Every structure is written in C-alpha cells, then in structure tokens.
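In what follows, structures are represented as structure tokens.
Below are two complexes that have subunit A in common, paired first with subunit B and then with subunit C.
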Partner chain A sequence: MKLSRRNLIGTAAAAATLPTVAARAQTPTIKIGVLTDLSGPYQDVAGNVAIAAAKQAAEEFGSKGFNIEILSADHQNKPDVGSNVVRQWIDRDGVDLITEVANSGVSLAVAGVAKEKNKAYLPCGPATSDLTGTACNANTVHWVYDTYMLAKSTGGAMVKAGGDTWFFITADYAFGHALTRDVTGFVEGAGGKVLGGVRTPFPGTTDFSSFLLQAQASGAKVIGLANAGADTINTIKQAREFGITQKLGGLLVFLSDVHSLGLDVCQGLVLTESFYWDMNAGTRAFSERIKAKAPSKRPTMVQAGTYSAVLHYLKVANAMGAAEAKKDGAATIARIKATPVEDDCFGKGTIRADGRKLHPSYLFEVKKPSESKYAWDYYKLLATTPAEDAFRPLAQGGCPLIKT
Partner chain B sequence: MFGFSRPQLIAFLVMVVLVAGAPFVLYPVFLMKVLCFALFACAFNLLIGYVGLLSFGHAAYFGMGGYVAGYAAKAWGFTPELAIIAGTLAGGALGAAFGWLAIRRQGIYFAMITLALGQMAYFFCLQAPFTGGEDGIQQIPRGNLFGMISLKSDLAMYAVVAVVFLFGFLLVHRIVHSPFGQILKAIRENEPRATSLGYRTDSYKLVAFIISCALAGLAGGTKSLVFGIATLTDVHNAMSGEVVLMTLLGGLGTIFGPVMGALISTAMENYLAQAGAWVTVIQGVIFVTCVLAFRKGVIGVLAERLKIQL
Partner chain C sequence: MFMILGYPAPLMFGQLLLGLINGAFYALLSLGLAVIFGMLNIVNFAHGALFMLGAFVAWGLLNFLGVNYWFALLLAPLIVGVFGVLLEKTLIARLYKLDHLYGLLLTFGLALIIEGLARNEFGSSGVPYPIPSLLQGATNLGFMFMPIYRGWVVLASAIMCLITWLIIEKTSIGATLRAATENAPLVQAFGINVPRMITLTYAGGVALAAFAGVLAAPIYSVNPNMGANFIITVFAVVVIGGMGSILGSIVTGFGLGVIEGLTKVFYPQGSSVVIFVVMVIVLLVRPAGLFGKAA
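Showing the complex of A and B:
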C-alpha cells in the first residue's frame, strides 16, 4: 500500500470527524461498555472472554422492552487512555454502565469519571481495595475480589490449614508492600509467624534465583508471592526449577495463569479465587453455556464476574425501567445495592453500602498432574471463607459514604 | 509579528481558527489531549530541531509537571493556574538539574544520559509516596480559574488549554527566531565554530534545555488537570519515545510539524482503541510507512513541495 501525504492527512481528518452516532430508536437502549485489557498482561484473565461473558449475560437476559448494546475497548493498561475512552463512551455514545476494567490504576480513574458523569460502574477485574475504601463513591460496586480478600484467605486460611511459618518475596513497590503488610497481619492474627522477607526490584526483575534461595534457607513452610503478572509467573517457574518443596502462596494468580504455566510447574501452589468453573452445578452450567463463545477456554473469576455484574444490572434496570436507569447512575447503583444478587457463578450474594459485593472466597490448591482427570481440572478446595468474613469490615475501609 | 514569515503567518492564523472552531465539531476532551501533546512535542522540538540535542528522557519533565500540578491542585488546593505554574516550575527545575549534567556530552552520549536520568525519575515516581505509586494521583479537581471561573465544563477547560497551547507555541516560535535562537541554530550546525566566535555554548544549551523542560512541565501539568489524573504512563520512557515519534512524524525542525505529529499520533491512539489488540500493530505499520514515505515528516515534506518554510 502506498500512502501519500494527502491520503494520510485525509484519513486522519476523516477519523477525527467520525460523526456522533446516537441511535434514536423508539425503545430505549441500555448501552454497556466493557473496558478491558486486550493486548497486555491481563488479556487472558479478562480480555475477549470478558466481553463474551457480558454478551452472554445480555443474551440470557433476553428482550424485555429495551435494547441492549455492548461496546468494548482496550484500555492498554494506561489510565489516561481508559478514562478518555470512558468519557467518549458517556459523552458521545450514551453508555450507561461501565464494567470489567482489569487494572487498578485504570479502574480508579474510571471511578472518578463515572462519579463525575453520574453513570453506573461495576468493576470486576481490578484488585485494589481502595475502590470500596478511600476512593469509594455512590456510582461504584466492586464486584469480584480485592486485595483484602486475597490476603485474608491466602494468609489466614492458609495458617489454619497448617502453613504457619511464612517468608515473603515482595515486588518493591506500593502494591507489593501493601499486600505483604496485609498478609502479615492475617498470618500473625491466625497464630502464624513471618520468618522474613525479601524485596525484589520492580519492574524488570527476571532472575529470582537468589531470592528463592533465601526463601528456601529460611525454612518457612510457605513462600508468599507478593507480586503479580509476569513476576509471579517467573517466580513460580524458577521455584520449580530449583526444586523448592515449600508451599508457594500466590496472592494474585488466576486460573488462566495456572493454565498457561501447566500443572507440572504449578502443582501444590495455593491461591485464592471467588469463582472456579468446576465448583458446583451452577458454575459448570455457566462454563458450558459460554463455551460457544470461547471454545478453548474456561472462564476466570473476572470473566464470570463480568457476566454476573451485567446480568444483575440488567435485572435492576428492568425493574426500575430502562429510561430511569439511563437517567441517573447513582440511583441505579442504589437499587443495585438494595437488590439481592443471584446467579449461576457466585450463587446468592448481597452488596454492602460501601459498594462491596459480598460472596465467599475459596482457598484452592493446584492439583498434581496425576490428580487432574480432564481438561481444566486444576483446583482442589482447601478452605472456604464465608461471605460475611471474606471482605474488609465496613468500618475499616474509610469509605466517605459510611458515616460513623 | 513574532518573526513569522508570510506563509507561516497564514498557517498560524489557520491553526488559530481551527483551534477555536474545533470543539464545536469534535469531542473537546480529545482535542485537549491533542493540544497538550502538541505543546509537549513543540517543547521537545525546540531541543532536537533547533539545538540538535536528542533528549530521550523528556517524559520525566512532562510527567513530573503533571504530578506536581496534580498534587498541588488536590492536596494543597491550588487554583488551576497556580497548579499549572507549579508544574511548569517543577519541569524547569528538574530540567536544570538534569540538563546541567547532561549537556556536558554530545550526540549519543547526551541521549544515553538523558535516558538514564529519565529512568531515574520514573523509579522515583514509582516509589515516592506523593505520586500514589502505580495508581497515580487520581481525581485531581479542575477547580476554578483565578478562584472564580469554574472549569467543570469541557468547553471552559478547553479555552484554558487552547490559551496555554498558543502561548507555548508562540513562545517557542519567538525563541527560535530571536538572536538567542540564531545562536542555538549556530550551535546545532557547528558547535566548535560557535565556541570560536566567543559564545559560551554550554550556557546556551543549558538555557534551551531548561526552557524545553519547563514547557514540557507546562504541558504535563495542563494534561493532568484536564483528565484529573497523573500516572506513571506520563513519566514512562515509552512516553519519551512517543514524543520523539510525534516530532519525527510531523517534521523535525519545523514549527508546525510537532503539532501535526501530535494530532496524528493521538488520533490514532484514540480512534483505534476499538480495534483492540490490533492498535499497536496498526500504529507500528503507520509509523514505518511514514518514516519510509516522508523522511522529513508530514509538514516537512509539505513545506518542501510548496517551497516555503513552515
């Protein structure tokens, strides 16, 4: 293709003038924007399957007097790109609900935009517990999990299951420090002991051997991995290569990570999720239904959460009337909080005043290859933390919506 | 006026009309982003295009300007104009410190030193408590201009950004066409000769460097107020690379080139966001095509065809 100057300028100009498309149909249209990571480290955790999950929810909900349209975009893990996309969705396309948003920085930025524009926001992918803490607002319900839940379950439940001495490998930045601090609290609270820890430079550490050897030498029963993404994957791989026999406690590991690493490498890894596809009849039924859209994959908790959140939103929008739901995001979120949640993925659940969706959290251990009987048969359940204990108590979050 | 040649004056007036009329046709938030990046690219172009210094760490000043402006507006309750000035000063101060060290070397060594210092600034921002780490500073209020005019509406904010941009643009143009700018160009062409004529080239280079960094801080500070966030994206070295690309795309050493480059680059990022994983691939193809097809950048080639200076 030969690009002339004229062509290029023309294309840029044409792209810039794409008309504001506003569907003026007789029936109201609920527009749902799935903002996700399609090109970065969370594309397997969320990504295309999360978009498919939102569509699945819309299909199952069916037609109830209003149209449903699902938009999607890649936030490229940049908060400014994400917030810009959301602003455009709201200002130009009339989007009513923003969901998914795997990436804490992007999700906090979007929370600000949703509040400013008074739209509904149901984040599923981000981990930061600030969304229901200091950064909470009346337009947001944090759906699937958060760092507090992960720390409490992996830290506290693990000690009860016998892993009472810990050593941390911490990524040296705010997220790693916070995670280490939280987990230490739960480990000690449950009667366990932290024997030590080491901080790894972030980003850019690829060789974890010296840190792993320190962890091994500490004699701790559990090595806590207070890192995420590629760091976690590298640590797990290298721990296997060193033949480390201590239990690895993954604090931010998803089903998709286990799948890409393989059971051979991951066996024995302990991790926390709030959804596992092979948990019960409901989760299996959902995984079966979404197979048509994502044949080679099983949903992660983030993807299942996107389904659950969109379905619940649609139910509430239907109950209060689509036109009302479009008008006022905060009022819709208030109704969403007041309505009990029930779906195949997370069972029955409730939503707290600070915007925290409550459901149980599960501590899993990754199976040995010999124990895995069929494709994606990866986890066995070690412990369950009931919904009322799984998340940070209301009073401790510092959410401005909660008046003490 | 401002040392404009006739074609430049016409082009400038066209640009002013476009800047003034665009928000009524296009989405203002997108345009504000373009203007912020255009100012950033102009600041960068002042260094590479007119002094011949390739700085590979310009994101540091842009991002630091954003952080300081954001922090000032959020934590100290500065009004927007003061916050933006604080950001500008932060960019300039950081530039003075880094520039003092970096201008001692030329060519590739200068580029490497600025790259290293830029990375240092990035890691500083990653660890420093006031930046909020990887979450950044969120929900920065736009506030009231001079304590009176609310900038909540996008059009009011746009007016401020447009004024800031035009101010920066004219400043760069004025500097380039001043006696000071002539000496900068002399240094670019042949530094030993400029020295032999009695000019302290290091001082000139340092001043140009600081001005460029301060303008980058101005752009960063304005951007953080527009979007209400200041994050690591803006200090990351990918941003340093992006501003190099913008300048190259538009045309190195042309006064309108960086503006065009910023427009093309931002428009691509914006309108291709729907294309998902293909964004980066498409961007790459377009960049390669541009570099192969117009070496001198869009505006550079245009100026050459029309035999004028732009």
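Showing the complex of A and C:
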C-alpha cells in the first residue's frame, strides 16, 4: 500500500477510535428494572416517585467503573402483565435486578421468573410475608415491610389496648389473604377472637359501606382493614360517614393515603411503617434530596425502600465486580445477604437467610389537625419494635431455603 | 330480633337501602349514556372519565375559587357540558356516518387520555372533598344509621332522572329530539337545526355524568380512576335495560344496585360479577334488554 496523506489520516482516525470501542465493550452496564404501579391504586404509594428514588440511588452511587441504566414499566396490577414485562426485560434487554413491584400477586409471579432466569429480585412494595415464607427463593430479598410486621405491630398494639374481637374487610387477593391470616394469628395468640370477615373484589370495589355495616352488625370491637391504597381511603372515609364507632385497624396505611384523606378524617388512626420522612436527620436529608424529582410529595416507605435496595445492590455489585454480578443472580443475592446494609432511610440493617431484610418497625398515630405544624407533619411515634423482633421468626416461615 | 334468610332484619334493610344509593349512581350515569346512545347512536365510553371530571371540577371550584358544593352542583355540569360540546363538535360529529365501532374506539381513547392526564396531575390516591355542612351528620332510622348525605344522593338522582325522563318523553323539545333520531332529514325540513340539537343532547348527557360526579365527590375518594371503576358496570346496566331506553336505564340502575347490595351480604366475592351474570341471563332471554324494542 502506497503511503499517501489520505491513507495516513484514515488509518490514524481508525486507530483513534479503536481503544474507545474496546473500552466501551469492556465497561459492563448494570441494568435495573423498576416494575411498579403507574396507573392503579398503588401509584402514589410507589409509582413515579419509586422510579425517581431508584435513579436517585444510582446518581448518589456515581460512576465506579460500570454504567447503570434504570428501566421502568407499569405492571397494571396484573400478574401476567408483570411477569411478561420481566421476561422481556431479562431476555431482550439484559436486566440484572428487578425491584419495587407494589402488589403481592404480581410480586409472587415475578419472584418465580427471577428464580427461573437466575436474576436478582428486591421487592419493596409488596406486603405478603409469603415472599420469605413458603414462596421464598435464593434470588429474592424482601426489603421494606411485610404482612407479619404489620400484624405484629398494629394488630398486637390494638389487642393490647383492649381490641380483642375482630372483623376483617379483606381485599380478595394474595395480599389481603396473607394480612388477614397473619393478624388472625396475633389476635388469637393474645386470647382474642375473630368474629367474621368479608372478602371484597379487587380491584374495582368503591363502595365499602355495605361491608362496614356487616362489620358493625358483627359486634366486633375492631374492624381490621386488610386492604391498601385507594381501597383503604374509601373504607376509612365511608366508616366516618356512617358513624362507625368501632376502632378501625388500618393494617396497611401509607403516608400518601393519610395525605389524601386529610388529618380531619384520619386523626387518631394507628398504623405501622418502617420509614417516615420526618423520623430523624437521615430520613429528612433523603426526603430533601429527592425533592428535586418529586417536589410536591414526601416519600413513602416503599419509595424510600426502592432507594435503599438499589443503593445496596450497587454497592454489592461494585464489591464483587459488575461482570460477576451480571452473571449469577443467586450468587449476587448471597453476597447481598452477607453484606450489612446502611443508608439514610432505614439506618443499619441486616438480611436473614430466608431473604428478610431486618430493620425496626414503628407504630405511629396520625396527628390531630391542631398538632400538625407544617406540611406533611402527620405522624407521632408511639412505639418502636427492634429489628430482631419486628419480623416473623426464621423457623416459623416455612421457607424451603431454611433447613430445620 | 326477626331474621330474613338467616340474617338479622336491620342488616338486610340497611343493605337494601345501600343498594338503592349505589343504584342511584348507576341510574344517573346510565341515563346519560342512554340519552346519548338513543339520540346520537354513539356508545360513549368517555362517560366514566367525564363523571370523574365532574368531581374534579367541583374540587377545583372549591379549592381555587371557593365555590361551595351547591353552586358546584350547578356549575360543574355546565363546565363539563361545554367541554362535551367541544368534543362533539371537533371529534364525535365526524363519526355519525360510520359504524358504531368507530365511536366506541374514539370515546374509549378519549377516556384513556382524560384519565391519564388526571393521573399525571393528581396521582391515584385522589383529593379530599368534604360533605357540605348542611348535609353532614346522620339520622338513626332504627334499623341503620343513615348518613344524611346519602339520603340526599338518592333524592337528587331520583329528581334528576324524573326531570330528564319528563323532558324527553313529555315536552315538545323531547318530541322533536325523538323525531330527529327516527328521521333527521324530515325534521330538518321543518326548519329545525338538527346538528345543533344533537350537540346539545351530547352536552346534556355529559352534564348528567358530571352531576353524578359532584354527587359522588364527598363519599368516594375523588381520584382519576373513580370513573373507570363505574363505567363497566354502568354499561352492563344500559345493556340490561335496553340500549337507548330512558326508563329502562333508570329502573335497571336502581334494581341492579339493590341486587349488587344483596350479593355483598350473601357472597361478597361475587359482588363485582353479579351484574354481569344478570346481563348474560337477560341477553339470553330478551336480547334487546328488559325495556328495549327488538330491532
């Protein structure tokens, strides 16, 4: 080849691109799929702010020799839609971690897919304690809360306060059933009695007054609301309207629900969460940081959990090498379990062999309108259950990973 | 205490009354749908979204302009009605010559857009709307504790249904309207502006939805999905009553509310399905619906 000026420039240009191309091929990309409810009852509990929280975690983690990409999708509260999205994410897009997934039914379906495809799964929004019980697997860590935690904290506190007879209004799907079962265990364990219950169609029930009247007629001291989101809002609103004098056990009430109902309606309601934005310096700092992405809102525990889970995953992926983390979901989860967790939202925590993330749970009471001093000043702390007591004992869950 | 079918009587009476209250919403919504279908031959899938819009307009009027419930009850249907005129003039009017399916697709798309925009703006938990002070509280009926507001809902919808029925069946405007649906060119030949009449009919139907929305605001959570939860049931009501039949939709609305209410006692899990079971049975026996005329 004759050395001409054109050839020389051409070769130099080609050579200049080579190293970058090679370097790009070597930089792995960790892909995180946030599967959430963008159109249904749990949109405000999780939704867009949960996606923002995952992005916030990625930004704070920064660049450590691998790229981070956050994908998001709406599961429409349908297990088939959710698991199809996750299959596509894994097969087509090469997603390594699936997180959030508010809705127990969808979440159980996704846990199966994560196991089958050997990817990491960190559910934050779903409540069912089956994720670390009979349906547990080596690819899943259940992050924020579960039905057992809620049952023990809220249910236990109400029985202690004299509410020893219960009637349940249960959302008729995996979550409602699990919550009712777990609370029933506590009520009966403490010598109380469950007098009855109704299962309400989910989603699509808007009028709960009929069920409330049945609850009233049962004579139970406590009406346990084993539902969530817009369902709980409607039930509480209508209970006030019908002058129901029995105590309402709001078994899963989120900050966003209280905001929507207003303190007038909600005051005095006792509820349990594992995160409250105004809890301590760390939670306030996080809430301040996420403000840029969700200016008019304060994060719920699910949204804070998504931040916490994604951040922890990235730390572990960095420690074991991104390429390794991409290879084997179960091995990554094993490292995630072995690594102590620490972040602004939940403080220090650990993860148990059955995939239960452990941190304290807090029993709150909703403030009276006169007690609320500034925007989103909604809760006062009644009691704290330490991390080691907050969740179901390891041996009782029936998780196949645990050899007894 | 005497019992009905193994349940205490007070509980059963209470449930019947609750059924009537929910039926009032079904009747009001299906009435609007029936009017629109009867006159325009359009299956208005945007009805639920417009119902939701009515509730949100009432909320906006209260929170931004300080307009109270009673004026909202008047203003919100007007505002949403004007919006309906806009929809009819710009979009729906183009579909009259086409198959039903196009109208259904268009209005369904409109519903998705309106609801999607509302979700973007307000989220899914919705906004609070207080019961007007005049209607707060409850009375003890002996067999149940009856919130005054719910009583007002039944009364208001019954009156509104009656007025609509009277206008369409008993006035000269109604007569022209019915004539125009039978034979538009002939009515036009008498010098009546039929397209404008159709536009106003659509606006009227839509205003009924908004009226129901304002009624619903204090008792259901005002959220972007509130219409979507109702609309499928309401369609079943219209089909059972007979497409386009005014009286049919009113009677069926109240009737199915009661049936649904009773299902909530005997088999709560089935309460969302029972209306469709009734629909299947009715369609098998009377394909044109209970009050429909066979085509």
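In this text, the second predicted complex is superposed on the first by the 307 of 404 C-alpha atoms of A that agree within 3 Å, B and C clash if a C-alpha of one lies under 4 Å from a C-alpha of the other, contacts with A are read in each partner's own complex, and residues count from 1 in each chain.
Heads up, the rule we're going with is that a residue touches a chain if its C-beta (ideal position, glycine included) is under 8 Å from a C-beta of that chain, and two chains touch if they have at least 3 such contacts.
It should be emphasised that the depicted structure is a prediction, and the values quoted were computed from it without experimental measurement.
By the touch criterion defined above, A:S209 reaches subunit C but does not reach subunit B.
In the superposition on chain A, contact is made by A:Q238 with subunit C only, not with subunit B.
Legend: residue contacts after superposition of the two complexes on their common chain; A:T99 is shown touching neither subunit B nor subunit C. Once the two complexes are laid over each other on the shared chain, residue contacts for A:S39 go to subunit B and to subunit C alike.
Once the two complexes are laid over each other on the shared chain, residue contacts for A:N84 go to subunit B alone; subunit C is not touched.
In the superposed pair of complexes, A:A73 makes contact with subunit B only, with no contact to subunit C. Of the two partner chains placed by superposition, only subunit C is touched by A:D257; subunit B is not.
Subunit A uses residues 39, 43, 172 to touch subunit B in one structure and subunit C in the other.
Those residues of subunit A whose C-beta lies close enough to touch subunit C in the complex are 37, 39-45, 47, 172, 198-201, 203-207, 209-211, 213-214, 217, 229-230, 233-234, 237-238, 241-243, 256-257, 259-262, 264-265.
Note for the complex: subunit B touches subunit A at residues 25-27, 29-30, 33, 126-127, 132-136, 138-139, 154, 223, 227-229, 231-234, 263-264, 267-271, 273-277, 279-280, 286, 289-290, 293-294, 298, 301-302. Residues of subunit C that touch subunit A in their complex: 8, 10-11, 14-15, 18-19, 21-22, 116, 119, 123-128, 130-131, 138, 144-145, 147, 149-150, 219-221, 223, 225-226, 229-230, 261, 264-265, 268-273. By the touch criterion stated above, subunit A contacts subunit B in their complex at residues 1-5, 8-9, 12, 15-18, 38-39, 43, 48, 71-74, 76, 78-81, 83-85, 87-88, 91-92, 104-105, 108-109, 111-113, 116, 128, 130, 135, 172-175, 202.
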